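Next up: some structures, all given as structure tokens.
Shared between the two complexes below is chain A, which pairs with chain B and chain C, respectively.
Right, the complex of A and B next:
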């Protein structure tokens, strides 16, 4: 018995919202204050890693197409790698600065996967619209953590990733399995169920 | 790969131009089910409107006889229906294709049984047999399991203390490759099996419905093993991050436990003569081989180059464990060979027998190699003699033979064992009824 896809989207929306709020809090108070409590620094990368682990059940239980399975597998892995790299850097287990690229790359690859696996047009249905806009948001949003690597003290770039994640969460909360977008729903999409 | 890249880029650049595709929501008969009476029609419900060509739904018998009539759509184009002639007792394959209103083709395959169990989707009529790619992928899966379970087992059962930093890094690299390999290769193996069953061109395969495959024994094993190894990956990562060695124990036990997915979905679970005992023997065989080969790799590539003080102790301890593993390996392997080869002559008359002979030849070589280590090198080390200079090369050589055995095992697992005597087949049929 599978839950409706929209319920799974909302669960991950909650995860991304928490992630975004944590990053936003860090950007507001600044890195030094944020790290005064050691455990605080571990919060967001641990959450990101955990979300990656939780994406595996979604991959294996929603197998209605090959591309769907591959896309969910990609998100599971990018989130785990992004979280793991940040945790490794924090803990001093990773020393190469190239690992800082893991989060922007994870966001970019996730965005590309969103766009590739959604094969319907923007106004086909709300879910299709959201996949497109989330894909482009993630792709563009990847610039924030990328620039933040070279400008670590900038609050603008620091809060960019946080806001990107909050926006992604809002989009995911707006998802319904079959629902119109701006009053438009393709007749091919099926009956809206609310 | 290039095709995949082109398709991916095209879909990314022109997403709106890519076509809408319908998803199958319900089938009648339901896939993978046994029905007591012959259905009059095969009906497929979609979440969107579709067009159907006259032969959009094809129903085949196990030997490929087509029993379905022309397909038509109903309910505003969301349902495809094809009449079928009266179906006798047996397994049936449904192959279907639907065209979305803007021309995109979605396809799939499923099976059902009339008064008997439905055949597995991977045994559907028209499914291709295992390919060379599948042999290679299966082999990579075995190698990944050996690196993961064997590496963890070596660390926990043989070394039993933290490594020096450089050896620690190498240990986690090898185990990390193992767990990532188990996840990635597992996905690839599932997709290759699905491609065999669906028999679709590449682009159509991207939109092929994999749900029937996910409900097979193989699919269930894929689901369980993917979830299990994702958890193992998390545990290994946390052990590395927090330097808490105790986290490696649940990772080790889960890695060994979830390897049983292969035993519960392969010949030992599905073929004539299979029982809980054959499944257990298969799992013990796989677990012992993984621990042996993975342990050798750790000994040759972690301990020998990076932990000189540990060499003698690790070699002596591993030698004891290897003896036990080889006893388990041989006992389980002999039992399974007797079960799968009803006649001794099958060894030289059947393809399965030929592959088994190659595997036995490699196992004999590995046993001789191991015996030389056990009976010649071990007593000298126990008496404090200096370490034999060629030993690291010799250990690497034994690991290489172990890898070659895993390759032979991969081909063997994908090969069909010779037919069983009639009584065994009747027993299996009775169980299926």
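Right, the complex of A and C next:
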């Protein structure tokens, strides 16, 4: 009893929305207050890692072409690497500050995967549009965690990553299996479901 | 009034503002979900069930958004506000 693909997108959107809220709260209160409770410090990297783990079954059961499969595998890996690197830094297992680059790199690679694996134009169907806009959002959004590494106390750069994730969640919630975008739907995309 | 006192007051006001933002994040998210449900009621299967399967009843986006707001409000915000106030004290 597999869920329809659009439902999977909505469930991941929920994960990203929660992740965005956690990061936004962290940016508002600052790192010191956020880390006052150990479980809270581990929360967002664990959630990111968990979303990466959950992407593997999506890759196995929901992809219908090689490039689609590779893209989902890439998202699974980047989310796991990003989450694991943050967990390692928190726990003190990783010492090199370069590991902080894992999250911006994960976002940039995820964005590039979104753009590269979408073979159709922006207005082919809603899914194609969302792939394009999410790809660019992730690529541009990668700047926020990158700058936050050198300006860790800045609320602007800290909340930038959070808001990027919230925007990505909104885009994922907008996904439908076959649906028009701004009144456009290519006949090659198939019949809209609803 | 000494500069130090003014700085302390500004810092205290800023912290109170931070606590207010944290307290508002969950309800604002819930409000977003409710507003979405009113704008696109067809995204809520529960309002017009016609023999849909499990997933259509389990995954209803506006309800998921509301659920995220509830989770944040109940599990994250109270402890965070408490820690913010402890930092003030």
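By our rule, the second predicted complex is superposed on the first by the 191 of 194 C-alpha atoms of A that agree within 3 Å, B and C clash if a C-alpha of one lies under 4 Å from a C-alpha of the other, contacts with A are read in each partner's own complex, and residues count from 1 in each chain.
One rule holds in what follows: a contact is a pair of C-beta atoms (placed from the backbone, for glycine too) under 8 Å apart; a residue touches a chain by one contact, two chains touch by 3 or more.
These numbers come from a predicted model, not from an experiment.
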Answer with first, second, both or neither: which of chain B and chain C does A:132 touch in the superposed model? first
Who does A:88 touch here: chain B (first), chain C (second), both, or neither? first
If you count the residues of chain A that each partner touches, which comes out higher, chain B or chain C? B
Which holds for A:122: it touches chain B only (first), chain C only (second), both, or neither? first
Figure out whether A:150 sits in contact with chain B (first) or chain C (second), or with both, or with neither. neither
I'd like to know which partner A:63 touches here: chain B for first, chain C for second, both or neither. first
Return first, second, both or neither, reflecting whether A:73 touches chain B, chain C, both chains, or no partner chain. first
After superposition on chain A, the chain A residues reached by both chain B and chain C are none
Would you tell me which residues of chain C are touching chain A in their complex? 18, 21-22, 25-26, 29, 42, 53-56, 59, 61, 64-65, 67-68, 71-72, 76-77, 79-80, 83-84, 86-87
Residue set of chain B touching chain A in the complex reads 8, 11-12, 15-24, 47-49, 78, 100-102, 104, 183, 187, 191, 194, 205-211, 213-214, 219, 222-223, 226-227, 230-231, 233-234, 237, 240-242
Within the complex, chain C is touched by chain A residues 1, 3-4, 7, 10-11, 13-14, 17-18, 21-22, 24-25, 28-29, 32-34, 36-37, 40, 43, 173, 194
In the complex, chain A touches chain B at residues 49, 53, 56-57, 59-61, 63-67, 69-70, 73, 76-77, 80, 84, 87-88, 91, 93, 112, 115-116, 118-122, 124, 132, 135, 178, 186-190
